Each structure stands twice: as structure tokens, then as C-alpha cells.
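Naming follows writing order (A, B, C, D and E), and every chain is counted from residue 1.
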Amino acid sequence: MRIGVFICHCGSNIGGTVDCKSVAEESYAFPDVVFSTDTMYACSEPGQQGIIDAIKEHNLSGVVVASCTPRMHEPTFRRAVERAGLNRYMFEMANIREHVSWIGKNKDANTNKAAELVRMAVSKLRLNRDLHSKSFPVTKRVLVIGGGVAGIQAALDCADAGLDVVLVEREPSIGGKMSKLDKTFPTVDCSSCILGPRMVDVAQHPNITLYAAAEVESVSGYVGNFEVTVRKKATYVDWDKCTGCGLCTEKCPSKKSFDRFNEGVGPTTAIIIPFPQAIPKKASITRDACRQFTKGKCGVCAKICPTGAINYEQQDELVSMKVGGIVAATGYDLMDWTVYEEYGAGRYPDVITSLQYERLLSASGPTGGHVKRPSDGKEPKNVVFIQCVGSRDVSIGRPYCSGFCCMYTAKQAILTKDHIPDSQSFVFYMDIRSPGKGYDEFTRRVQEEYGAQYIRGRVSLIYPKGDKLIVRGVDTLMGGQQVDVEADLVVLAVGGEATQGSPQLAEKLRISYDSYGFFMEGHPKLKPVETNTAGVFLAGSCQGLKDIPSSVAQGSAAAAKAIGLLSKDMLASDPQIAQVDMKRCVGCGKCIQVCPFKAIKEVDVRGQIKAEVIETVCQGCGLCNATCPQGAVQLSHFTDNQILAEVEALCRF
Amino acid sequence: MSVLEGKELRIVGFLCNWCSYGGADTAGVGRFSQPTDLRIVRVPCSGRINPLFIMKALLSGADGVLVSGCHPRDCHYAEGNYYARRRLEVLKGLLPTLGIDPRRFEYTWVSASEGQRWQHVVDTFTQQVHTLGPAKRLPDAPELAALAARLEPLRN
Amino acid sequence: MATNTAAAPQRPSCDASTPNPYMPYLATVVEVIDETPNIKTFRVVLQDADAMKSFTFQPGQVGQLSVFGFGESTFVINSPPTRMDYLQFSVMRTGENTQALHNVAAGDTIGVRGPLGNSFPYESMKGKDIVFVGGGIGMAPLRTLLLFMLDNRKDYGKISLLYGARSPQDMAFSYELPEWLGRDDLDCVLTIDREAEGWQHKVGLIPNVLLEMAPSANNCVAITCGPPIMIKFTLQALEKLGFAPEQIVTTLEKRMKCGIGICGRCNIGDKYVCVDGPVFTLAELKEIPNEL
Amino acid sequence: MATLRYLPLAQVPQWLDGLAKSYTVFAPAREGSAVVYRPRAEGSMPELTARPTESAKHVVFPRAHELFSFTYKADPAVVGKRDLTLTQPQDPTPTVVFGALSCDARGFFAFDPVYDGCGTKGLAKDVYYLKRRQNTALVVLACRTALATCFCNWTGGSPASREGADVLATLVNDGLVMEALTPKGEELVSGLAEAGAEQGAAAEASHTAAEATMAPVPGAPLDPKAIADAVLARFDDATFWQAESAGCLACGACTYLCPTCYCFNITDESNGISGVRLRSWDTCMASLFTLEASGHNPRTAKANRLKNRVGHKFSYYPSLHGGRFSCCGCGRCIKSCPSSVDIRRIVQNALAAANVKE
Amino acid sequence: MGMQKELQAAIKAILPEVDCVIGWGSGPDPLHGAPLFMRSEDDANRFASGFFAVNNPALFLPEYKGKKVAVVVKGCDARSVGQLLSEGLIKREEVSLIGFPCQGVVDHDKVAAALGEKGEMGEVTAVLEEGDALVLTLRGETVRLNKADVTAEKCMRCQYPNAHIADTFVGEKREPVATADDFADLAVFEAMSLEERQAFWEKEMSRCIRCYACRNACPLCVCRDHCVATSRDPSWLTQADSVKDKLFFQVIHATHLAGRCTGCGECQRACPVGIPVLLLKRSLARSVEKLFAYRAGIDEGTPPLLTFTLEEPTIKERSW
């Protein structure tokens, strides 16, 4: 074998703390190495061309590049060696940036370690062999999980591109958080006016199948051919019959139910249509609130329903389908702010969340758009906004910035002035974060034109005084002076968190999530909507909190990825899969027992039981390989011999 | 010796590609400095790690072996780390019978986002191995030992 | 009892001049030819020019090729002794050694031990008609004898070749076939197992095509090599065509290590394929225990 | 007859220490429940009571040894040029085996013709074996009794056979009577005091007594030709071999303990830059022994493999090497077989089967 | 002797239904039994159970796949059968088990040690069992040995002397000598320091001849002819005569048996050079019993290393 080794300086990223030239010199003595050099940026066009030229000039049959993590540029270099006529798997990478130059301080040690990593890569490469993909057909259907604005965008884009789309929404209506908003920043245009038509498009699109009040039960399979089961939760209303006329909601005698859509601002009925523009506009019964279920008798809605759609016996229903790609767009929840004792921990009715305030501001909200404070229904004059509630707070384990609170607080201050012209808004803030298009202007406008008083400082205490609340904070711009503001209403800009059930969904999708429960993108810069699981994409706040424009952009981006994936009739399988050496297999079945993908089956070869890998099902985890006692199953590109060669390269010298 | 004589010990890491290798990358990106002893072998999944790889390393002269995979429930391949957990735990129990200090081998779970945790793991484990010092190596076959001696001048 | 109580034999010895049969020649691979998806041909030249000059062998003899660090395996020298620009070996990828060989590139150094084993009885074939029947990689040993006979064409009668493979892609030496087909002193028939696009030659299993060709057994020797199942049916076909066991020659494959009759694994009864073979007539094979 | 010499037991360690100045000395040592031939530790008394579990063949034919080593070195002057050097190992040092059994000494006779180019056949000579063979002197300790598994008398041996030995040592009371049988043997023992006539007689008596404990050869006189024919005659009798091999584990204990089994494997062990070509013991009882690259194996079943083992020892080998069995009757294969497979019984059963047929 | 006759009767009774009955016969000397494969009444008459019936006949069962066989089993042999069954390596309907109350079997190494200077085992010409004693004849003299002194270790801690699976059980079940495995053998070994243990293995393994009798005597080794010990792809071991490789093979064997080994001890018994290779497997068995409450061959269900649970309460992971 003739191996070429390329040591990348990555500018000074590697070259700064690794003597790349001496690594290249040392590599020249490694087995089968016939060419070695150092290069400034291996991944750059000239860098890649250098590799290609060397392959041709020195008749190389394998290449090692020592540079950054293979999780970054392995595909880049594989394509490069392929352009030079080699099989793309005759390539190995040594990670001397993330694993060496960026973490080690001692240049000698780094240089030595880099050389060792190269030797390890060379040792493995010597046992590499050409691998070839197989192709398999794809299912041209996309599952979008979550019907918020990101999911809606992704669903519509995919559907418009001609793909079948299945949109699954946990709530009885799509729309997500955006549908609860009164207006959006920085344009202060009506949220439901811009979202509403898109929701209707979803309902009417011939390519979209919508399952509201449904959740993903299980996901199996693999890119191009996932098997998905969706649980349609019982709503006790036959939606095929329900016309959304709303008679039932008017007559329902149980009127003390928690109004989820309105964030608990006022009660609602046990049978509900969440809001007038709901899609689908169908009624559903909240079981815990319904007298039929709690008391065993009532049946008012059933009696009144003109189409006989009420069905108290309804059960959850499981629907299975095959999809080629999945977009997760499950959004976020507000964190539970009641952990803040200083804000009253929920004891004061007039301390509300920003989202509750949206509902008070909304014309379609429980107060018809009249701002009435919860305690006594009076119109507030002094409204205090407190920012960073549950954001940037290490003490409660939420050190991150939620990103959108500064902006919506400014918006709400403006709306307050619009609704109550003689009102005064006070905003306690830490920093104003407004780096979007027209955003900073907006926050300036609320202060300059709307007279909102911004106080830079944290609130240490809220306490009641008569029918008012005293908000005690500091003004850090005034030398930390204590400020007491008398408020009629306090609105907390509560930060977001990963929506409930995110880790569970991530496990079903076999994607990673961070310690807060947000889903991990494939790469923070270069793969913002991909995940490490092929065929699963991310959109919106499930990946990290973001505002509407970003969510929509990500929805489209995820859709573009899904469309790109499914634009082909056939997908190429990853050839890094398990293979059975039939000559050595004894048919003991242990591999079949452990395979998480059921990718190994028993076959009869001339009267003998053998194991056989189903190539398109195997995902290449190698569990079978580690299980097979005689090593008759080998994971291509990660064979026992290859890993042993790496171990030996490290230990035997 | 390829490790820096007297300064480093020989520590081999087996990391799953999806979580822990990513976590080590994240640590790199975050410039979380670490001791230089560890050399990482990338495998697709902790379930791919045959416990015998660890034995091979320990018997071949590694002073420590560190395995890291996805946290339970987070395996990219759904179940690989569950099997790994059992197998690695059983292997750990065998080491003392072979006369190998079980502290020379640890396994843990580090996710792709846990760069800082990875730094902590590497720091702690490296320190642990240094406290134990170099492992006593079993003698090679005479032919292979002679070979190693012949190789010495080749290295400079 | 006599033999077992005979006086103790003398202890054997050797001296510094005794050649070491395990030391390979170092050889440079001068060319690698991709024959089929799993067969590569290696042309090698011994690095010691004198050794190359004095290297002699007979058609049918084998050599041991080493990729140092991986191991040795046995292959027939499939270039003829009449063409000594290089020694040629064709290697089908079946295991770790052959995979290592497949990773060898032109310019690399490998080891060669040989020549080993017996050869085709080409002297006794002089003046006779010859039928070669080769299947797949089994064409390799036939090639050396075929080219040798073509280089000594006047010594032999009519020469026919039936060469079959599973598909056109599996046919090694494809670059030589036009020449062989074009010669009027060689009757060359090619066949593949199943119909394939663009295939101009025969389609059918070798034994069937052989029966169709129906070479006369009269004053003729058949030489056949190929996979076991093909050999089994080819032998039946040849017998049907009237070939006597003495008129049929084949070569055997065995796992070999030393290649010099010591290591003990390639025996069939008291015959060692590495020194008594690999070439046997069917008549000889019928004499030894049935353990192929 | 050469001069007999006498070495008091108490002086054995001292004498061996003396030999160790010019030779590597191997001697039996007790380790756990086994007795094995080890390079002798200075001052130690060899184990002389229990007979060694293994044979002494590994002294001449090591379990694994280097045929040659190879090293690649990149040429810094010419890009892509790598020089490869092959180096042969150093010649073995002169060696003495003290306390070999007479069957061990005779066992090498099975090796000799094969490793010496098969006599008139003029095949290649195995220089590694030949060098060690000529460099190794054997001090044979005469057996005082026969074990139930012993059958050296089938193969022309006896408990105190002098064949192949350089010195025959016989344990008499508190000392060893040493009889040099070759010049090399004479060199070893020349420094020792002469034995008295009484001691010589005692040694002779010990030999006779040992002979008496030996079970007679069944159906004596034994006809090697008949045995060879009978074993070969069973070649196609699958039932026979299946029955004989039913309890066999197909492990290599018999072949590795056997003084006459000489098969080997060749493998490369390397770290890429440099490595060795090793010759290591191999066993015909292993499936891999004959597994061909194509996956075909002429001896897949243990019955086929046992057939080859017995066939080789009692039929094929004799037909190539003057009728001599490739067996010295030491019985270790029986004694140490985990399943008590008895090669004598297989041979007798083959003979019996031949008699039934005819 | 009653037991012997009763077992022979049971064997004869089942002979017509099966391809063969696997049991024990006599070996090359009076101290050794040997596996016996019975196909006729004559064969059955050669059956010999008792103190010298050491071999584990379960070893041979996978060879007879597809045929119906009967096998006479000691308690420990039945455990091996149980494990083979639970792993699907043999079929229940193809095996008929004849069990009996096992009184323990001989340890030849102990006999050899007990004889010491009196002579070698191969010189013993006759053996008589007299109650708790063995009376050996050698070199024309008799030697009395206490049976308990030459009984195999595994029998001294045996909890299952009566085959726990048996289609026919001959005789009265006997009380086990132990109610739990206290792994006292390991405790003895573990009195050594880590350094001493390593030196111990170094010394013991140095006389290994790599015959793989340990492996081939193991009823649960599934790879048989395809073991990684000599394969080159994968190539786990060099063929060099090195302690490292020899010990590594023992580790391979033991790990492959983790959670599967029933402790029949055949590996150690088969070792011609007396290396205590069972120790490693005992150590693993102890771990497995502790972690997963699983006793191979007794407890049904998937061997613990071929399955998992989401939570592993017994595994105390390191907290970093």
C-alpha cells in the first residue's frame, strides 16, 4: 500500500501549538507511508488539490489527513480522494486540532501526540478496503412534529414541493405559541392575521395530513424509510362529524375548566374549541373537567350536538405510517417562574406572565382585548415589566438567554400605551438584546415615543400594598440606588425552556439533546437544522429558543433539507455496515438477539444456519461485531483488525 | 516509548462517534485544556467496544483505558450503551483477578454538548492513572521483544 | 518388527552453505492489473538481478508471495518460462493475505519464494493435441502452459482452449483474449454462465460447452483447472468424451505453509501437494485416498 | 561399551551448573501438577520422580521461533522509496537436555528425515531444525517403570533405550550411572568419576526391571506393514473414524505433547514497520490446519482429522520413511488426553477390522 | 453398584429411541474414565458411572444437532445442558436426560499429589472403592486414599448434585453439600496482592502449550472450529510463544463465557499442564451473580450480557 500523509496547520489553529513540519517528517517513517507533507489549510481548494496531485504523482492508494475533527471535514476529504480516483474509504483522519492543538499547552507533547494519532490513522488505513454503497428506495413522505409556526412553514414548504406531509400536533389545534400572541415585533402587526392564513393553507393543502391532538408514539427504521406510529388522543368528539359550530361549547355546564390556550386567564368549558381560528376547528372534551366523566352523568353536549359527533367511549387510536424524513419542530414552553420567591411565587394574581398578558391584549382573548388585571378586573395604569425571569440565571440552572424577551417586552409596552393611553410602563432589564433587523430601533421607539421607563437593574422583591404591588429593584445606572415602583400589574418576561417531553422524543428519534433538553443540531455552524441522525431535521425553538422570523427561516431550511433528501428516488446506503463471514459464522444467533434494528436474520445455507445482515436496515453500530465471539460479523471500516491495529499502534511502540 | 518519557502515561480512549467524540470535540472548540496523555480511538458506538479491546490495550502496555459513550437513553443506536454498560462493568470486575488495578479502567457517559464535563473526565482520569503510575507490562515473546529493541534506532 | 528395531539413524546436520528454504527473494511489483472485481494480477521482478537471471521454473510450478507483516500464500506462476521479463501471479481476493496483496501497488516490495512443486508433464505431451479447460481463476495455471506451448508451437498438435467465467466482468486476462481468439493455431472458445449484454461468445456451463465442442480424445491430453464443482462435472464430461484418466491433467489447491513438504498440512495420504503436486493426472488422483 | 560413570544425586545440581557454563541446560521442573522442561535455574535439582508431562521436543523445535525478521526503512533522500531488509536470526547456542526420556530421544528420529530433505528425494533442508538438532545433546534418564499408557515397545523402544541418546543416565540408589553413547556425550560426562562394577550392574538390573513392567505388545510380533495397511484400509470407513473420534475434543494436547508431531504454521507478526515471520507449532486436529482460502476444507470433521493423525503416524509416514512409525510410543497423547482417547486402541481396532474383512 | 445397574437399565430402556446415549466408560488406566457413546446393549454394559466419570457429556451435544440423543448427566453436566438449551444451541426435544444423584468425582491432580513419591498414576494397576476410601494398587503395594482428599473442588462446593433437568432420574436425590457458592476459592486467590496475582498468571501461563484443550473441553464454547485464537481476520493474538498472548486467550475465553459459564471446570481439568484457568471464569461468574442475580445453567432467560435493562440498580457507575 502507498500512503500519503498531510498535516494541516489550519493556519495557526494547529500550527500554533503543534510542530506540523516535524509531524510530517516523523510520519514518513510510518508503515506504508511513501509521501508526507504539511499544508496550511488542507480543506481549502488548493489544499485539496494538493492532495489530489500527490495521489496522482506518487501513485498513492490511501490518504491520511491530520487536521480537525472528522465530524467536520471527513466528507470533504473523502470527496477529494474520490476525485483523484481512490475509493472514498481509503482515507483516514487524525484529529489534531480539537483533540490536540486546542486542548494541549505543551508544544512538544502536542507534536508527539499528533504524530501518534497519525500513526494510529495510518495503521488503520492499512487495513481499509474499498467500500461501495448500495441504493434503496425512499418513501417520499415527511413527518413534521409540531404545528407551531416553524412546523407549519416546514410542512407547507415540503407539501408545495410535492411531498406528502404528515403534521402531528399535540394540542387540539395547530398554531403554537404564535397563535397566542396579539401582535408581533417589530412591525406590531396582528399575529393571527399573518399566521391564520398559513394555518388555513395547512388545512386545505392536498398533500398535508394533519393529526391534531396527537403525539408521536414510536419511531423505528432509518433515513428514507422510517416507520412512525402516531397516537391520536381521544377527544371524545368524532372529528369526522364535528363541524366546529360551537354549540356544545356554549351549552357546556362545566365552565370552570383551565383554559390552556388562554394560559389560564379566565376559565373555559369542558368541551372546547381552543380559539376561533383553530385549525382544525373541532371540539374536544377535557376529560378531567367534564361532568360526564367526573360525575358519570351530564351528556349535555351529546344531546345538543346537531351531528351526533360526541362519543364518550372514544379511545386513543394508533396510526402507523412510513416516512422518508422527519422534521422536529416541537417548540418550547415557558419555564415555571413560580420558583422565584421574590416575585411572589404565584401568590399575587396581578403578577402574570408575558404570554398571559398577550392574551389580555388580544382582541380574541378572554377579555376581548381590554386589559383588565386578574385580581379585580381594573384597568392597570402602572405596568411593570420584569425581564430575564428564568433567563441568564445561573442560580436556577438557566444560564442561557431566551433571546426574544427583550423584544416582546418592548412590544408589550407599546401595546400597553396603545390600549391604555394614560398608562405608564416600567421595564426592569439587565441588558437590552436587540440585534435583529429593525429591532434596536424598536426598543428605542418604546422609550422615546411611548415613554416606557427602562430601569437597568434586577428586581429583588415584589410585595402587595393595598391593591397595588410594590416592585423593589435597583437602578444600576444610578449607582445601584434602590427603586420602588408602585404597580397595578406586573408582567414577567418569563424565559423559555425545552418543551415538556423533549428528551423522550429525542430518544424516539435517536437524536441528541443538550442538558436543557434542546435538540442538538449536527453542527452549530454548518448543520444548524440537521441532526446526527440522518433524515431527522430540526426547526424552531426545539433546537434553541428563537423568534418568529428565525423559526420560519429554520422551518424552510429544514424543509429544504427534507426536500433535498427525498428529491432522489433512491438513497445510497452507508457501506459502513456489518458483514457476516459466512465461512466463520456458526449460527449461534447472538448477533440477532442484540441487534437494535432487527437488521440481522437467520438464513439457511446448505443446511446450516447462518446470520445475514439486511444491508439497508443495518445502521452500523457494531453491537453485533462486539457480540460475536468468533468475530464472524465484522463492521466494515471499523473491523476488529482495524481497531486492534489502532490499539497496537498506540501500545506496541 | 512514544509517549513523552517520564511525563506522560499511555492512556487509550474508546469514544463513540456521536456523543463522546463530539463531546471531546466540543471541549476542543471550547479550548478546555486537558492533559496530553490520552489518545482517542473513534468507534461508532460504545456497543461496538468489545471489552477485549480494553484488555488488549491493558495487556499491550496501556497504563489506563477510558471508555465513553452516550448517556443511557441517548444512544444514537438506541441500545448500544446499555449493552456496553453491562459488559464494561463485568470487565472491570475481572481486572483485579488478573492483577490489574481496576482504577486503570473507567467508563463513563459524555454527551456531545458536555465539553466541560469531558475536560473534567480527562483531567480526573489522567490524574488517577498518574497516581497509579506506569503499569507493569507482561513480557513480550522473545522474538517480539528483540524486534522492539531493533526498532529503537529507527526512532529519533 | 524389522524396520522399527533397525539401528538408529544418524543424526542429520547442515552447515553454513545449506540454503535456507524459508528466505524469500525480494521482488519489486512492476505492474498491477485489475483483472476482475476480485482478481488482480501482479508482475514482479526479483530485486537481485542475478537471481532474476538465474531464476528458472517449469510451467505449473508455484511461488509463495509474501506481503511482509501479513503472510505468505501460494500462487501459480502464470507467465511462461519462455517470457522472463517478469514473473506473473494472479490473485483472487479471498482472505486476509490476499486482501493485503490486493493493497499492494506498483513499486512496492514483496517476497517471492519458489519455484515450488511439480509441473505440467509438457514433455510427455509433445506431439499430442491439447485441450485446455479453465474456469475462473483456474485459468491462471493454464495460461502459463498455454503460452509456453504457443511459444513452442511446433511441438504440439491442435491446441484448444475453453475458458469460462460467471460473467464477462469475471473473466481474467480479458486483454489477451482478442489475441487468442485471433490466432489460427489456437481454437479458443469463451463462455459465461448466463446471458449478458454485448457478449458475443458462448453462454453455458463449461462442462456443457465442452460436450458441445466434443474434442477428440484420440492422442489428446486435457488439462483442466477451476472451482471444485466445475472440475467435478468437467471430469465427467471428459470421461464421456472418451478421455482416459491418464489423458486428464489437473492442479490441486490445498492450504500450504512451507511449500517444501515439511509443515504437514497439504497431504493426501502420503502425497504432499506442495512437492508431489500441484499437478496430477486423474489416473494419479485415483490412486491416492479420496480426500480432496 | 564406553566407561560408565557415576554422579551422586547430591552432586547433580553442581554438575549441571558446570555444564551451564558451556551449554544452555534444560531439565524437568515441577510446576503445579505438571512437569515441564525448563531452562534450568542455577543450583536447582531437576525433577526426577514424575515423568515430564511434555516431551523435550520444544528444545529443538521451539513452540514458536523466528524464521527471519523484516524491517522497512524510508529513504529520506528519495520520496516514496522504502528499503526492506530481511535478517536471519542468530544460530542457536549449544544446548543440553538433562532428563529427557528415551522416547523423547527417539522421537527426533521422526523429525530427522522430514527436516533433512527426505533423504534421496533431495527436498529442501530445514536449516533451523538441523542447526538446533546438531547443537543439542540429550542426557536420557532411563525409565524405572512403565506406565499404563506406555507403548514404546510397539515402536522398537524400551524404557531404557539408548537410541538417540548422547548419554544414558540410570538412577541407582543415590546416584546416576552415566553411560556416554556418543562423542558429544563423552564430552559431557568425561569429568565424572568412574562407576563401580556394582553400580553398573545395578543400572543394568534397573533396565531389566523396567522392561519387565512393560505391557507386552499385543499379538506380538508386531507387523508394522500390517498396521500401515490396516490403517490405510480404513480410509473410506467413515463409521470407523466417527466411532474412534466420538470422544475426541479436537484439541491439540496430543500433538503438542507428542515427541514426533512436527507440523507447523507460519505467520507474520508485525507492527507495520518491522516484524517477524514466525514458525509456530500447529496441530492437524484443528480445522484451520487444512482450511483452504476458498473456504473448502478437506477435513472439516474431527473424524477426518483424527484419521489423518493416526494415518500419518502409522501409514503415510512409514510409507515415505522406511517403514518407521512416526510414533515413539511415549503414551503422552493418551495420558494427557482430556477424553482418554487411546491411539493404541484405534490401531488395534483398525487391525481387527482388517482381519474381519479378510 | 446399584446405581450403576439402575443407570444401565435406564440407558438400555432409552436406546431404541435415540441415535446414541452419551455417558462414561473406562479409560486407559483404572483411575481414568472416558466418554462413552452407546448404541447397543453391549455398549451399555460397558457404562461406568461413579467417582471416575469426570467428563462433561454435555460437551458433545451440539455435534448431534438434528439427531435425538440421550445423555447421562451429573448435576454439573445438567447445568451445562440447561445453558445450552437457554441459548438455543441445542433443542430440548432432541435431548433426553438421565439424571442421578452425583456423589462427586475425582481430581487427578490431587491423586497424583497424594501418591507423591509412591509412584505415578500410570503405575496404578487396580482401584477399589471402599466406602470413603480409595484403595490403589501400584508397584505391588496398596495405598489407601481418603476419597474426600482427592475429590474435585467443584464437588466440594456443589449445590446441584442432582441433575436439575432430567427426563429420567435414577435413584434418590441427595442433599447438596453446599447451599450457596461462597467463592472461597477466589478468596484464597485474592489474598494475594495485585502484583502477586499478575506474577502468578505470568508464571502459570508461561507453561501453556496453546493446545486449546481448555477451550475444546468447554461445553459452552460455541465457536468451535472458528475460534479467534488462531484466526487472522480477526487477528486478536499473535502466534508467538508469549505469556501475553496465552493469558489474553484465557481472558478471551473467560469473557466469552461471562454470564454463561456454569463452572463445570472441564477447562481446568483438560489442561495438560495444570494451569488453573477456571479462576478467571469463577471471578466473572461471581460478578454476574452479584450484578444480575444470574446463575448460568440454572436460571432461565437470556444470558445477562446479551440483554439489558434501562436502569441497572446494581451497577454503581463512577460519579465524575
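As a convention for this text, a residue touches a chain if its C-beta (ideal position, glycine included) is under 8 Å from a C-beta of that chain, and two chains touch if they have at least 3 such contacts.
Since the model is a prediction, treat every value here as computed from it, not as a measurement.
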Chains adjacent to subunit B and to subunit D under the stated definition are A, E
Between A-C and A-E, more C-beta pairs in contact link A-E
Identify the chain whose mean C-alpha position lies nearest to the mean of all protein C-alpha atoms shown.
B
Whole-angstrom distance, CA centroid of subunit D to CA centroid of subunit E, is 30
Inter-centroid spacing, subunit D versus subunit A (mean Cα positions, whole Å):
71
Between the Cα centroids of subunit C and subunit D the separation in whole angstrom comes to 36
Averaging C-alpha coordinates per chain, one finds the centres of subunit C and subunit E separated by a number of Å equal to 49
At which residue positions does subunit D touch at least two other chains?
64-65, 72-73, 80, 82, 265, 267, 269, 271-273, 275-276, 278, 295
Per-residue overlap in subunit E, given as positions that touch at least 2 other chains
224, 226, 231-233, 235-236, 238, 240-241
Going by the contact rule already set, what residues in subunit C reach two or more other chains?
69, 71, 95-97, 99, 107
Taking all chains into account, which pairs touch?
A-B, A-C, A-D, A-E, B-D, B-E, C-D, C-E, D-E
Quick check on the complex: what are the subunit D residues that touch subunit A?
72-74, 76, 79-82, 271-273, 295
Using the touch definition from the top, list the residues of subunit A that touch subunit E in their complex.
581, 584-586, 588-590, 593-594, 627, 629-632, 634, 639-641, 644
For subunit D, which residues count as touching subunit C in their complex?
67-68, 70, 72, 80, 82, 84, 86, 88, 106, 108-109, 112-116, 118, 121, 123-128, 130-131, 133-134, 154-156, 163-164, 221-224, 232, 235-236, 262-268, 270, 272, 275, 277, 279, 282, 284, 289-296, 298-299, 304, 308, 311-312, 315-320, 322-325
Would you mind writing out the residues of subunit A in touch with subunit D in their complex?
2, 28-35, 58, 122-123, 126, 582-583, 648-649, 652-653
List the residues on subunit C that touch subunit E in their complex, please.
71, 95-97, 99
